[in-house]
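For clarity, chains are labelled A, B, C and D in written order, and residue numbers in each chain start from 1.
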Amino acid sequence: MAIVRVGFLEVWVRDLERSLEFYRGLLGMLLERREGKAAYLRGYEEREWSLKLKEAPFPAVAALGFKVDSEEGVSALKAWAEREGLPHREEADWARPRILRVQDPFGYPLAFYFQAEKLPRMLQEYHLHRGPGLLRLDHINLFSPEVDQATRYYQEALGFRLTEYTEDEEGRLWASWLHRKGNVHDVAFTNGEGPRLHHFAYWLPDPMAIIRAADILAGARRTEEIERGPGRHGISNAMFLYLRDPDGHRVELYTSDYLTVDPDLPPVRWSLNDPRRQTLWGHRTPKSWFLEGSTLLDLSGNPVPRRASRLEGIPEHVI
Amino acid sequence: MAIVRVGFLEVWVRDLERSLEFYRGLLGMLLERREGKAAYLRGYEEREWSLKLKEAPFPAVAALGFKVDSEEGVSALKAWAEREGLPHREEADWARPRILRVQDPFGYPLAFYFQAEKLPRMLQEYHLHRGPGLLRLDHINLFSPEVDQATRYYQEALGFRLTEYTEDEEGRLWASWLHRKGNVHDVAFTNGEGPRLHHFAYWLPDPMAIIRAADILAGARRTEEIERGPGRHGISNAMFLYLRDPDGHRVELYTSDYLTVDPDLPPVRWSLNDPRRQTLWGHRTPKSWFLEGSTLLDLSGNPVPRRASRLEGIPEHVI
Amino acid sequence: MAIVRVGFLEVWVRDLERSLEFYRGLLGMLLERREGKAAYLRGYEEREWSLKLKEAPFPAVAALGFKVDSEEGVSALKAWAEREGLPHREEADWARPRILRVQDPFGYPLAFYFQAEKLPRMLQEYHLHRGPGLLRLDHINLFSPEVDQATRYYQEALGFRLTEYTEDEEGRLWASWLHRKGNVHDVAFTNGEGPRLHHFAYWLPDPMAIIRAADILAGARRTEEIERGPGRHGISNAMFLYLRDPDGHRVELYTSDYLTVDPDLPPVRWSLNDPRRQTLWGHRTPKSWFLEGSTLLDLSGNPVPRRASRLEGIPEHVI
Amino acid sequence: MAIVRVGFLEVWVRDLERSLEFYRGLLGMLLERREGKAAYLRGYEEREWSLKLKEAPFPAVAALGFKVDSEEGVSALKAWAEREGLPHREEADWARPRILRVQDPFGYPLAFYFQAEKLPRMLQEYHLHRGPGLLRLDHINLFSPEVDQATRYYQEALGFRLTEYTEDEEGRLWASWLHRKGNVHDVAFTNGEGPRLHHFAYWLPDPMAIIRAADILAGARRTEEIERGPGRHGISNAMFLYLRDPDGHRVELYTSDYLTVDPDLPPVRWSLNDPRRQTLWGHRTPKSWFLEGSTLLDLSGNPVPRRASRLEGIPEHVI
């Protein structure tokens, strides 16, 4: 049951027009289909849609989707869900005939699929690109009150590989970065009240595209939607810009991390209070970044209850 | 009579729609006004229009415009034209109430103006920028069969300053770069059948914008409109991309030259056969670049007759 | 008496080795000469040195140098100093045989020169460039307790032109940007206890060079020397990074402002409490940036006494 | 037997000092060890060396190394070599205790390893980076007189996946791009006299680094070592610059291709005479690029005999 990479999100928004104005109008994402209260978008490199926006009474995230390597892979994940007694069901969506939805042991609403209708290649249609040029969904970051268990489970049960992690002086795990596709992460876990989504990230072509994104937000008088950055992370080495969409969902624009395909690549350990960890350079991280996140939904569409974390506090260099 | 900088061009095109598709659609220039068979465009940094396109039976360039520092400056230029017995007249155009048009002793159709209605500031409206982001008209380059006399005259009569020049081993001048505004040039003269326009150039924000321009042309399947580049010039140090518009007018996208305001800045001398001169790096210059140019018009709208140059040949490293 | 541009600074530092490690080692400036306790540096585009570091018991700035258009220009400035009864004297320095030093009516230690020995052209010796690639001195920014008078005087007596300014709701001038060389400024005045130097700025080739500078500081574990940025100013449109050198002198790395040569270019007015003014995007400006600056010296080498400003407070969006 | 990625090359050069001046001096690669007539280098992102230069009487390429996922993987490849009757042997090199060398059925001198001593992390030591900033070995490109068979064999026997390919109108395969690590290629086959190495490629951080590489070569007066580019490939979408090292080995600087991890990603088909294929934009490819390559060595260190290809000619748009 080989997961290939993070594949899509289903995001609930309160005003679809307003959200499309953000994701398509400002960020330039391709709108591939609009059907009732739902819209399907993708980045310029993607051959499958990666973001489903759905108008709903409150903001939330309904599905965290992963591309699997085959239909057999999806079936193996179904067997895993049954074996573990996890809530699950199969469903179809536009251009994706079989999606296996599973609420994992921690409460995250996962979705697995293999088959997907391929959309036309747009990568080299540069004359049609707009905005900073979002290329592809890169990763999701999840708040967890039990980072250590989640990290272990995602490695052992789901085959993820650890690339970087944050520990305190007592050896307790505060955050982890796990990948399948060969760069720093497909999924990260961050200590905090959870399960919640911390953010999802799109890959941009280069650091200048991050600058262009900031310029575009500024031109549109929407800098209040920039929560953090631009800066460079110590972790992942990536240049970043964190935005908050009209419903408060956090979107990272991300570029320039590194290749992690070697199975013997030693994970990078960061000390919790190392200020280089969060921000190699750039300004202090605002508190909101540590505390706020998106509600997740269970398979019935109800908010997943949150648990507080026993690890309290945010890093010293933030306050 | 202080000329401040090159200010605009009036360019005759055969199909205004097709030209607007090029300058506005592909290159992203701002269309400020359309009036009958004429259109007025500008770059994102400019507060005045800099390109007038006019639909006409044949392609040509009707005016090479220069911003002057005052109305007195325009009047002083009128006195110069009268003193020298040069064809001249005053006229008005959109947002520019007084333009002094003078055909100079070499046949170039110059136009001088001071007053210009200011257009809204667009530099920081980044969300509205399109294409590679042309910022401002930077310079014009003129074919001349008498580069030495033209260079001297533009220095002595019109106050231009020499920044770089190309000489052969016998000390004959093949090309010169002359400025008023403080970078490498407002006007350049290049040896060849003339008077003709070799090209006009717009300034781009940085080298990545040159790359983006090439990508956009490629995306639109219009690479045949790229005549030369990208590359970096030895002369001027600028990164460049030369395009040919739908009528064959040559447009340079140009960035990253240097400051030349010091009156004692020694001009840079280049040897005619130094291959670093034309192209610090990048591929060989095609022959068309040395031989083809735009017809200029006299004040009555008739093509200015051309004279052959006594200096023959193109540099050794081209052939 | 035409000033051409800002030309150099003489900066006192407590440990010359340590300062050279900063300006040459980290920032890559060219060290052209070292003589006793003084060192002369320049950027890659400059043909004259622009930074003199001098080891001294305390940090200070001894001279704010301006390139003038001729020896007659220097003499005219001498006549001005005499006419106004300003302290002044002539002296020589390395590669600069005649420097006229004048303490202006506000206490700023100005220095004027025309002649300067030209250093070899290094702009295109790219294989020798190091660090982020500082190209040339761009401007100085001065704390002043009387921004309105200083701004008027520099326009009327010294020929500077206003490009941008900050006013409060009562029409009081809090800051001004004044140029001679054709971009946004050679000199800026900022309200505050003064006279002091707020910062001096070097021009970088493009926004990616700003990113590279931040990366280099981070690599060297010297991010505490980054005081502010990267970001983009509303004023000037420039991308910036503010550093503090080992003595606390503030150095701005600056790029991508715009051309200001038109005499009728309308100055841009900014409202004091407009948050776009300081920072089009990027994080809040730290208080140190508003309050700290370098001591200036009079012609005898003694600190110029400072006066408090009657305009108190820093902008609302900072606190 | 899972190959992870291309891992290293052993390249024979005639003058080690001269080659180090190229790879380390100009291109900035990290020299990790020098031992007699051999030197080991790496890019800034790599934790293992990726280029071994060895002084020898004639230029050649002795090994094309691949990282394998485990020691069991190496043993499985040994079993394959034995099963197929391929010349092979095990040996050790610096920091790499077990390397399995196999001459494949087409004559290519492959080398497989898992264990490798990890070198210190240099990715974020930005203050120590020099030159354009080579990050990691990306791929090798091999001349083959039987592209169709080689492509099929590398897929079926060695587990490579096809991402792009070039066909003529009769359906004959002229070139193929095959990957293991999740971007466009680890290995490509190009029609021509072979087996030979066409080039090896290092990944650069972004398109500006390609420009910087060209500037550095130009500054050092070594543009004759630029064979092709800068440009953007149609195939792979990458920006490129092809250099020839002092022995004529071709090195590509490469960046900005795309993610290929999906098993159902449809390979991109290019028509042989599509000019967008080789060069989305940029100048014509020189003939040398189609005809010249590096000699490969068998396991005894003798040149592998070459076979002509039955497919003759180079694309129409080149000539």
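In the analysis below, contacts are C-beta pairs under 8 Å (C-beta built on N, C-alpha and C of every residue); 3 or more make two chains touch, one makes a residue touch a chain.
Just so we're on the same page, UniProt names per chain: A, B, C, D = 3,4-dihydroxyphenylacetate 2,3-dioxygenase.
Quantities reported herein were computed from a predicted structural model and do not represent experimental measurements.
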Handout entry: Cα-superposition angle relating the copies chain C and chain A, to nearest 5°
Key = 180
Exercise for the section: Could you find the chain whose CA centre sits the greatest distance from that of chain A? Expected result: B
Problem - CA centroid of chain A to CA centroid of chain C, Å - result: 44
Handout entry: Inter-centroid spacing, chain D versus chain A (mean Cα positions, whole Å)
Key = 33
Handout entry: Averaged-CA centre spacing for the pair chain D and chain C, given as whole angstrom
Key = 49
Problem - Residue list for chain B, restricted to those that touch at least two other chains - result: 124, 206-208, 215, 217-218, 280
Problem - Residues on chain C engaged by chain D in the complex (per definition of touch) - result: 26, 124-130, 206, 208, 212, 215-220
Problem - In the complex, chain A residues that touch chain D - result: 4-5, 45, 47-48, 67, 69-70, 114-116, 118, 121, 123-124, 135-136, 180-182, 205-208, 234, 237, 256, 258-259, 261-266, 268, 280
Fill in the blank from the handout: In the complex, chain C touches chain A at residues 207-208, 211, 214-215, 217-218, 221, 223, 226, 230, 232, 239, 275-276, 280-284
